[in-house]
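So, here's a batch of structures to check.
The same chain A turns up in both complexes below, where it pairs with chain B and then with chain C.
Now for the complex of A and B:
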C-alpha cells in the first residue's frame, strides 16, 4: 500500500482519506472554467490535532496541501495546481461557542454558513452573522481565506475578514497558533489591541496556513425585514444615488445590479435596499428616510421605486438567495464564473460600460452588479458569465471574457477578488515590488518548503 | 441512459443546496452525511455520472458504492436550486443504477438482494408459503370481495418488526370494523425497492404478477402497510395496467379517527418521523399527524427536520436490504434518533416498517432505550385504546 496513504489513514481513519479515481476526479475541478488538476489524496480531518499531523506529514514529505471549504470558489483556488493533498475541512463543523453577551461566535473552519445561520436562529434568535451570497454549504473558513463579503457588509463594517475576532491556524510546520484576544485570554472578542497577525492568513487563499477555528462578530437580528427596489436608466447617477441611500444609515444591505433578462429590465439600473427594524414604527421611519434621500430623483421623474409584489419580497429578503444558483442554468449548461472586482463606488459607471463592451465583443450573456461594502468605502463589482458545461467552445469564450474582465477591472482601478491564477498574475504584475517581496518573504518564513496551496499568489515563471 | 437524462446531467452546477434541508440545520443527504466526500452528494453523483458516460472514469467498485449508497429519499429534489433538473435527480440516479445492473456492475449486497428477489420472490429467501404467517391467530380473512385489500409487503410479511407492525395495523382495522382481506401466500413483492435498485426488468415482472392477481380477485381499493408499497402501487402500477384506489394505512386511520374509531387516552409526548416514500415521494404529511393528534393525551413534538425537511432513516432506495451505508455515529438512523430524543419525546412514531426497524436498531446502537421507544402509529392507537 502507498505509505503516504497509510500514514494519512493512521491519522484520520481509513474512511476519511481517498485516492480513488472518483474522489480525485471531483476534487480536481470546481464549477468554473479553470482547468482541472488531479490531487493525489483527498483527506477529511476531524480536529485541529488531525490537521496538525497531516500538515506536519506533508511538510516532512514536501507534499502540497490545499485547504478546501465548501468548494464553491468558482475560480479554481482549491484546484491543486501541483497535486498533493486536498484537505476537505467540512467535517470540522462544530459551533464551539456563542457569546450572546459579547456578540461573537467561535466555530470550526468547516462550519457552513447555513448551519451557523440555523443554529443562531434556533438558539440565539436575536443575533445573526453576515452570510455571503454563496449557497449555504459555503464554509466560514473558506470565506475568510478569500476575503469574502456579503449581507451586512454595507452596514456592519465591511469584508467578512473585518468581522473576524480571532483565528486558530495550523502552520506549515504543524504548529497550531491562536491569533487575537484568544491568544492571551480565554475569550475570542477582538484581534486588537495586540499586533494583528490574523492578516497573515486572511485573503491568502490558504498559502500561509490552514485556518481551523474562527471567532466571528455577531450582529442584532431585528424581527422585521423589508426590501425596496430603486430603478434608473442613468448609470452615471448611480454613485450619487447610492451615497444618498448609504448616508441615511437606514439600510442594512445595498446592492446594485443589471441584467439583460428579463428583457423588460434591459438598460435599467436597479438598486436593492434591504431594511430591518424592531417595530413597525421604526420600519416606517427607515423606509421614509430612504425615500426622502432620493426624492429629487423621483420628483424629476428620472428614477423611482419599483413596486414589489409580496411573493417577490419574500424571495428578496432571504439570504442567501437560491435564485443566484439558478443563474448557472441560464444557458441550460450548469455553469457560471464571475470576476468580482473590489473597486471604489465611483467606478461603477465605468465598470458597467466595460462589462457591456466585453460581453458584446464575445457575444455572451451576463449579470452585473455591485455589493456595497463598508458604508461605501468600496464595492464588490461582479461580472458573471454563464456557460454551457457541455460546450467546450463556449467555455473557452467565457474564459477569455473573464481574463479580459480581470484586465479591465485593474485598468479602471479595481482589484479582482478571489481571482484565478491568471488574475493573480495580473495583480502581481502591478503590485509594488516591495509589497510582493514582503509577501514572498513571509511565505518563505511560514512555509519554507512551499507546500501551502502552491501556485497561488506567486509569480509564474 | 435515457436520452432525456443524458441531455441534462451537465446542467447540475454542484452548488451543494442538495446536501441540506431547507432550514440548513445539518447535512440531510444520508449518503453525504455518512461519507462526507463530495462524490457522495447528489451533485457529486451528477458530475461523476457525466464523467462515467463520457469515459473519463471507469466502472469501479467505488463508483458502484457511490451510486448504490443513494437512499432515494428525495431531499436533493426538495432542496436543489435548479428548477429544470431538480425533479429528475433521483430518476437519473436510478437510471444510472439500471445501467450498472445491466453491466452486472453492482456491489455484492445488491447482487445478493436481487438474486434473492429473483429466486425466492423476497429478500429473506423464505418460502412464499410463509408470506401470510404474520397473520396467524388474528382471524383475518383472505381477500374475496371485501372493500379493501390489506397489502403487507416483504418487510411486513417476513421481518420480525415488520410482522409486529402488520399485526398492529390489521388488529386495528379489524377492531374498527373495516372490511378487508389479505392475499397471504398469493401476495408478491411490490417491487418498489427492486426498481429503486435499478432492476427494471425484475420490477416489471413483480408488478405484473401482483397486478394479475389483484385484477383477478377484483381488488379495487388497497391499504398498504408500507409507504414503499404505497408508492409502487399508486404511482408505478398504473403504467403496467394496475389501476387501484390506494391508501397508506395512516390515511385510513386519519379518516377513522375523525368519527368511527372509539378513542382511548395515552398520556405521552410523541414525535413523528416522516417516511420518505410517504412524505417527499407522495406529499402526505398530515394523515399520520392527524391520527396521532386525535388521541387524547398525546402531545406532538416536531423534530427540527420534519415533513419536507425530514432526515431519512437511511433505509430507502434498497439500502434497508443492502446496508451499503452501514451503521455508525454519522448514519442517518443514529443521527435521527438523537434528534428525536432532543424533542423530549418518549415515543418516536413511525409509519413505515423499514423506518421502524432502522430506527429501532439505532435506538439500541445509541443506547437510548431508556429515553425513547419506537412505535408505529397503529401500535400507538392500539395502546391508547387498551
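Now for the complex of A and C:
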C-alpha cells in the first residue's frame, strides 16, 4: 500500500482519505474553464490537530497541499496545480461559539454559509452574518481566503475579511497559531490592538497556511425587509445615483446589475436596494429618504423605481440571491465563469462598456453587475459568463473572454478578484516589485518548502 | 388610423365638467376645471395632463360618454408627457409585447380569456368552470394597460392583431363567437376603448361577473352561503363598464355575502396604488392605500375581493396585514361552492 496514503489514513481514518480515481477526478476541477489537474490524495480532516498532522506530513514529504472549502470559486484556485493533497475542510463545520453580547461567532473553517445562517436564525434570530451570493455550501473559511464580500458589505464595513475578528491557522510547519484577541485572551472579539497578522492569510488563496477557525463579526438582524429596484438607461449617471443612495446610509445592500435576459431588461441599468428596519415607521422613513435622494432623476422621467409585486420581492429580499445561481445554468451543461474585479465605483460605466464590447466580440451571453462594498469605497464588479461544458468551442470562447476581461479590468483601474493563475500573473506583472518581493519573502518564511497551494500568487517562469 | 370619437361640442355645452370635478386626484374649482379642460380639448398644455393619475374614473363620471380619459391619454402622448418614468414605460412595452408563440387551439364555448395572467390558470377550475375552454397569452393580450403609460399608440398598433389571433387561432377553429373576459380590462377594451377608436370587434365579449352570476344561479343548490362581509376593490378598468357593477351585488346576494357600504366603494372607489407607485407618486400611494384599507377594515369586512389581478398583487400584503383575507372574485365564488 502507498505509504503516504497509510500515514494519512492513520491520522484521519481510512474513510476520510482517498486516492480512488473517481474521487480524484471530482477534485481535479471546478465549474469554470480552468484545466483539470489530478490530486494524489483527497483528505477530509475533522480537527485542527488532524490538519496539523497532515500538513506536517506534507511538509516533511514535500507534498503540495491545497485547502478547499466549497470548491465554488470557479477560477480553479482549489485545482491542485502540482498534484498532492486536496484538504477538503467540510467536516470541520462546527459552530463553536456565538457571543450574543459581543456580536461575534467562532466557527470552524469548513462551516458553510448556509449552516451558520440557519443556526443564527434558529438560535440567535437577532443576529446575522454577511452572506455571499454563492450557493449556501460555500464555506466561511474559503470565502475569507479569497477576500469575499456579501450582502452586508455595503453597510457593515466592507469585505468579509474586514469582518474577521480572529483566526486560527495551521502553518506549513504543522504548528497551529491564533491571531487576534484570541491569541492573548480567551475571547475572539477583535484583531486590534495587537499587530495584525491575520492579513498574512486572508486573500492569499491558501498559499500561506490553512485557516482552521474564524472569529466573525455578527450584525443586527431587523425583522422587516424590503427591496427597491431603481431603473435607468443612462449608465453614465450610475455613479452619481449610487452615491446618492449610499450617502443616505439607509440601505443595507446596494447592487447594480445589467442583463440581456429577460429581453425587457436589456439595455437598462438596474439598482437593487435592500432595506431592513425594526418597525414600520423606521422602514417608511428609510424608503422615503432613499426615494428623495434620487428625486431629481425621478422628476426628469429618465429614471424611476420599478414597482415590484410581492412574489418578486420575496425572491429579491433573500440572501444569498438565487438569481445568479439560476443564471449560471442558463446555457445548460453546467459551466459558469465569473470574473469579479474590485474597482472604484466611478469605474462602473467603463467596466460595463468593456463587458459589452467583449461579450459582443465573442458572441456570448452575460450578466454583469456590481455590489457596493464599504459604503462606496469600491465595488465588486462581476462579469458572469455561462457556458455549456459539453461544448468545447464554447469553453474556448469563454476562456478567451475571461482573459480579455481580466486585462480590461486592470486597464480601467480595477483588480481581478479571486482570479485564476493567468489572472494572477496579470496582477503580479503590474504590482510594485517591492510588494511582490515582500510577498515572496513572507511565503518563504512561512512555507520554506513551497507546499502551500503552489502555483498561486507566484510569477510563472 | 384609429381616431378617437370625441365630440368637442359636448364638452363646450357641459355645465358640470364632472370629469374633473368628480376626480379624486385633481382639485380645481369649476371655473378652473372648465378652463383647463378647454385647453385639453384644443390641444393646448393643460395642468390636467400632468395631474391625471390615469385612474380611468372620468370615463364613468362623464354623463355624455364623451371619453374624457381617452382624450387625456391622446393629448399626453401627443405632447410627450410620460406619467411613468421612460425606462419603465419602454421596458413594459417590450415585456408585454406579443411573443409570437400562439398556435391553433380550438376553443369551444364557453371560452375564458385569461388575458396575460398565466399565474392564475389554477383559478380556472372547479364546478364554475366545468366545460370551459381557456385561452391566454401575450399574443391575445388586450394591451389596454398602456393607457397608464400615455401610449394609446401601442394599443392601436397591437390590438387589431390580438383580435385577429383570437379569431384565427381560438374562436374560429372552435366555432365560438364569444368569450368571457376574466379581467375587466379586456372587457373594457372591447366594449369601450375599441368602439371609441372606431375599431371593429369581431366577437362578443362577456364580463366575468355576468358569467359567474349565471353559473352560480345554475349551481344554486350547491351554494353554501358564506355569511361574511366582503369589501370590494374596484379596479380602474371597471370604470369603462360601470354597468357591470350591479353583478357584484347580485353575486354577493347569491353566495350570502354582504358588501358593506363604505366611503371608497362604487363611484368613489380608490385606485389600488399600483399605478400610482409606477408613476412615482409614493406619498399618494401610501395615503390612498391607508385610507382605502382602513375604510374596509372599519366596516368589519373579513375579506377583500378583487377582480383585477394587478390590484390583488398590489394590495394583498397590506390587506393581509390588517387581518383581512385578499381573494379574487372567482375564488370567492368557488369558496361558496365549497371548493
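Throughout what follows, the second predicted complex is superposed on the first by the 461 of 461 C-alpha atoms of A that agree within 3 Å, B and C clash if a C-alpha of one lies under 4 Å from a C-alpha of the other, contacts with A are read in each partner's own complex, and residues count from 1 in each chain.
Convention: a contact is a pair of C-beta atoms (placed from the backbone, for glycine too) under 8 Å apart; a residue touches a chain by one contact, two chains touch by 3 or more.
Keep in mind that what you see is a predicted model, and the values were worked out from it rather than measured.
Asks: Please tell me which partner, chain B or chain C, touches more residues of chain A.
Replies: Answer, by number of touched residues of chain A: B.
Asks: Considering only the touch criterion stated at the top, classify A:264 as touching first (chain B), second (chain C), both, or neither.
Replies: Touch status of A:264: second partner only.
Asks: For A:91, select first, second, both or neither according to whether it touches chain B, chain C, the two together, or no partner.
Replies: Touch partner of A:91: chain B, not chain C.
Asks: Touch check for A:311: first (chain B), second (chain C), both, or neither?
Replies: A:311 contacts chain C only, not chain B.
Asks: Based on the superposed arrangement, let me know which partner A:303 touches: chain B (first), chain C (second), both, or neither?
Replies: second
Asks: If you stack the two complexes on chain A, which partner ends up touching A:413: first (chain B), second (chain C), both, or neither?
Replies: neither
Asks: With the two complexes superposed on chain A, say which partner A:232 touches: chain B (first), chain C (second), both, or neither.
Replies: A:232 sits against chain C, while chain B stays out of touch.
Asks: Okay, in this complex, where on chain A does chain B touch?
Replies: Residues in contact with chain B: 15-16, 18, 20-23, 25-27, 31, 42, 44, 70-72, 88, 90-91, 112, 114-115, 117-119, 121-122, 135-138, 322-323, 325-326, 328-329, 332-336, 388-390.
Asks: Name, in rising order, each residue of chain B that touches chain A in their complex.
Replies: 10-17, 19-20, 23-26, 35-39, 44, 47-48, 51, 56-58, 60, 62-63, 66, 81-85, 304
Asks: Which residues of chain C touch chain A once you look at their complex with the stated criterion?
Replies: 82, 84-88, 90-92, 94-95, 119, 274, 277-278, 280, 282, 286, 313-314, 316-317
Asks: So in the complex, which bits of chain A are touching chain C?
Replies: It is residues 231-233, 262-266, 268, 284, 287-288, 291, 298, 301-307, 309-311 of chain A that touch chain C.
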